[in-house]
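Sending over a structure as structure tokens; questions will come in a sec.
By letter and in written order, the chains are A, B, C and D; residue numbering begins at 1 in each of them.
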Amino acid sequence: MTNNTFNLDKEQLIQQSFVQMDKHLQGAEYNQAQKLALTCRILFENGHDSGLAGQITARGEKPGTYLTQRLGFGFDEARVSNLLLVNEDLEVLQGDGMANPANRFHSWLYRARPDVQCIIHTHAVHTAALSMLEVPLEISHMDNCVLYDDVAFLSKWPGIPVGNEEGELISKTIGSKRALLLAHHGLLVACSSIEEACMLSIAFERAARMHLLAAATGKIQPIEPKLAREAHDWILRAQRSAVGFAYYARRSLRNNADCLE
Amino acid sequence: MTNNTFNLDKEQLIQQSFVQMDKHLQGAEYNQAQKLALTCRILFENGHDSGLAGQITARGEKPGTYLTQRLGFGFDEARVSNLLLVNEDLEVLQGDGMANPANRFHSWLYRARPDVQCIIHTHAVHTAALSMLEVPLEISHMDNCVLYDDVAFLSKWPGIPVGNEEGELISKTIGSKRALLLAHHGLLVACSSIEEACMLSIAFERAARMHLLAAATGKIQPIEPKLAREAHDWILRAQRSAVGFAYYARRSLRNNADCLE
Amino acid sequence: MTNNTFNLDKEQLIQQSFVQMDKHLQGAEYNQAQKLALTCRILFENGHDSGLAGQITARGEKPGTYLTQRLGFGFDEARVSNLLLVNEDLEVLQGDGMANPANRFHSWLYRARPDVQCIIHTHAVHTAALSMLEVPLEISHMDNCVLYDDVAFLSKWPGIPVGNEEGELISKTIGSKRALLLAHHGLLVACSSIEEACMLSIAFERAARMHLLAAATGKIQPIEPKLAREAHDWILRAQRSAVGFAYYARRSLRNNADCLE
Amino acid sequence: MTNNTFNLDKEQLIQQSFVQMDKHLQGAEYNQAQKLALTCRILFENGHDSGLAGQITARGEKPGTYLTQRLGFGFDEARVSNLLLVNEDLEVLQGDGMANPANRFHSWLYRARPDVQCIIHTHAVHTAALSMLEVPLEISHMDNCVLYDDVAFLSKWPGIPVGNEEGELISKTIGSKRALLLAHHGLLVACSSIEEACMLSIAFERAARMHLLAAATGKIQPIEPKLAREAHDWILRAQRSAVGFAYYARRSLRNNADCLE
């Protein structure tokens, strides 16, 4: 049947790709805690190392509960057995130690956004450097279209984010988008799955790095909004995040399998 | 016979070098599948890591067939046993899984260019950042002359490249050159051997990195076209690519020999 | 008791965080020599590698004595058994070999600042590059507020710092601050504990890197002084440095436990 | 005798330092071939990796003979047993394979400079990027003063350097200096010992990186020539190069001891 597909139009080819991907590609079967611990490791290995700063949470089985990493441990130290289950007030329901007090704004955002299952906040270095300029993240590359028209911008820094005020401000500013650039601070990603949140966080920091590299040299050119939205939807299919996450998980586990313990 | 060569002119010395290199230097003896898997690893280790993006193909033994890596696997996971043999319609003839739907433009390019044996397309980060500026790659260093006057430029982004339209556009834009910079996207290299394609891809990303580093600081100065073409032909001798590839293959296999399995 | 904390104001939440952190977080129990050797390793692993340049000292048990690393060894080679105990004149009281003659300005600074227990001086590459511009370090990110209003600036280079003149000049310029940027040279941090000095050195180089990344692209925006000072005091609590240091120590020891020998 | 040294002037302290360093610091005892192989490895590990480009030579025991690495091998593959002994015409006297034809200019330079014992030429990436701007290397940091007023500049690229013309041009341009920046090409260092050449090559690439980092952000400020020359002489003492080289050698051998075989 060679050559048949050379007559198909783009929409037909896209639909055909979806059918094939549904058949041939699977994500990996990890539980929520494993996914969260893996995400910590994956982010550490992809430029999100900033000492003890940053937090990751995912909704627990019971409403108003959240899995999160333990304060005082780096992302590279996360493993299933040292995660915490906390309530909205950050009281520990399961596990030893305490959560990061800055998790407070996660509670606000989960209340405001029932669609959100996972929140990631990091101070990855290129995002942090870009945030000092008080300019929005420029999306001008196909890969970064996963974030096209999906990054809100908090252009003023409200100080250390441990108060309820910051929870309200952040929830309001991100609105219904998946991501937020916080001036003088870092990135926030709020997604419908841990896998998607992990992939978008990697994309965010890479986009910030590319923004800095390109803008140091010349003028970043805009891309066609219609094509950018098409790419956004193509990359953001749930299955694609699952497959991407499974890849990064294999890559991380190749070096450090203790994460799943 | 000391001192004799001090009287030779440059052309004589170049010819003498060729004779010596033909005698003393050999490439390594890998089959096509081994070369392709090695190329994936080498590129991953030399800055071409961008998650699951990018594709590599080489012509198979039968006309209209292509070896390629499996969708859902990173370049760092490629090995002989997980490569696919596909036809022009991307139907799998040998192996499990599916090819990247974006391989479609490879089929168009192989049709248009009978001289091409291997195509590499990646989103290496400096190339990707440079591509956001919609400017051509500047070749201004001796090493990069391997690409002198050999990089076409697609200055507008046509959207996700899974349609036949993109196949036509890319084939037409690259013309008879060996390389192409795709705005808001990445690089493409189309060569007469896997070894050459691998070496040119490494050179492309390094040239993009040098372009960004230099242009962030000052004005890149042009080089003399005649000398640049001389360097281009000197570096591009088939044997030189083979020797360079053999070196990078040894370097990769030193850490991960599973690639050849 | 869910939801109760949503009515607390920021100051109440901060105080609550302090109580929880005092209960749940501890630093690690290393002696002075172990902390000093660990600091050398941690700095090496976090961008402070510059060959044999740089010195670290901490006050010894007897007044006028200092622990320091041995000249001719890199930070990556420091271990408890090769540290030296020296007096103010840099005469070796315990250990083999000699101290760096540039330690002289440490003696001056310890005299001038009884509160200082540990001094770190390095030529970390981004700090060193920034220092060539003769501009102060710009603090414009929450994490870097640990250094807000706490970095003095020596804008002229007095030559190689082995004389008593440089000791006087440096002591005078840093005044009562915790840090100093030395033009055409590097960074200096003078703190009340080894842990704090280690954390501030990491923060200094990261801040310099962010300064260069951001300023190459646009104009760094100032942050609100009141909020910056609040963040400064929040991050600088002694316990926080201890917990951060314990984390970096675990990270370093995971790869190289010989440091404690 | 505490406090006595606080009354010494800078010159007295410098002389005292020399006495102490002569007593306490030694270089390592390697033979010429071991030093040359180690230098290849050290350069590879410190940013001088550019595939198969670059050459290193040192004078052999007999006049008109040179030790060099074998063409087709990377710096990371150099070991005592695969080095070559060649004459001025690049004929192999000992060992298998051939030398890089671009070694020709080394022969010219050894003839012109009887003081030179070792020549290193690499295309380290920051040096190579800087060389595209056709501007001299700016020395504006204490550590880089090892190269102060000691870097000549070849501002035009003469093409691939395999001819006798390039040998003449390079010898004439470097004059009596220790280093040379070759536009659109790379760096050259010519020193009285392998150790010094190794240390200056590391310093050169680091200085180029700092030049690019700083100049992308602002205006590099000049340093006081008198102080810079003082620092130059201080850093360049033969013993200091030996001690620095011994440190980098230990660091390299920690990971790969096969270099000495």
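Assume contacts are C-beta pairs under 8 Å (C-beta built on N, C-alpha and C of every residue); 3 or more make two chains touch, one makes a residue touch a chain.
Since the structure is predicted, the reported quantities are computational estimates derived from the model, not experimental observations.
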Between chain A and chain D, the fewest steps along chains that touch one another: 2
Any chain in contact with chain B as well as chain D: none
Copies chain C and chain D - rotation angle from C-alpha fit, nearest 5 degrees: 90
Length of the line joining the C-alpha centres of chain A and chain B, rounded to whole Å: 32
Gap in Å, rounded to a whole number, between the CA centres of chain C and chain B: 45
Interface hub residues of chain B, defined as touching at least two other chains: 216
Chain contact graph, described as a line, ring, star, complete graph or other shape: ring
Interchain contacts, given as pairs of chains that touch: A-B, A-C, B-D, C-D
Interfacial residue positions of chain A with respect to chain C in the complex: 50-53, 64, 71-74, 76-77, 87-91, 97-98, 101, 104, 107, 123, 125-126, 128-135, 157-160, 162-165, 183-185, 211-212, 215-216
Chain B-facing residues of chain A, complex: 1-10, 13-14, 16-17, 20-21, 23-25, 138, 140-143, 202, 206, 209-210, 213-214, 216-221, 223-224, 227, 230-231, 234, 243-244, 246-248, 250-251
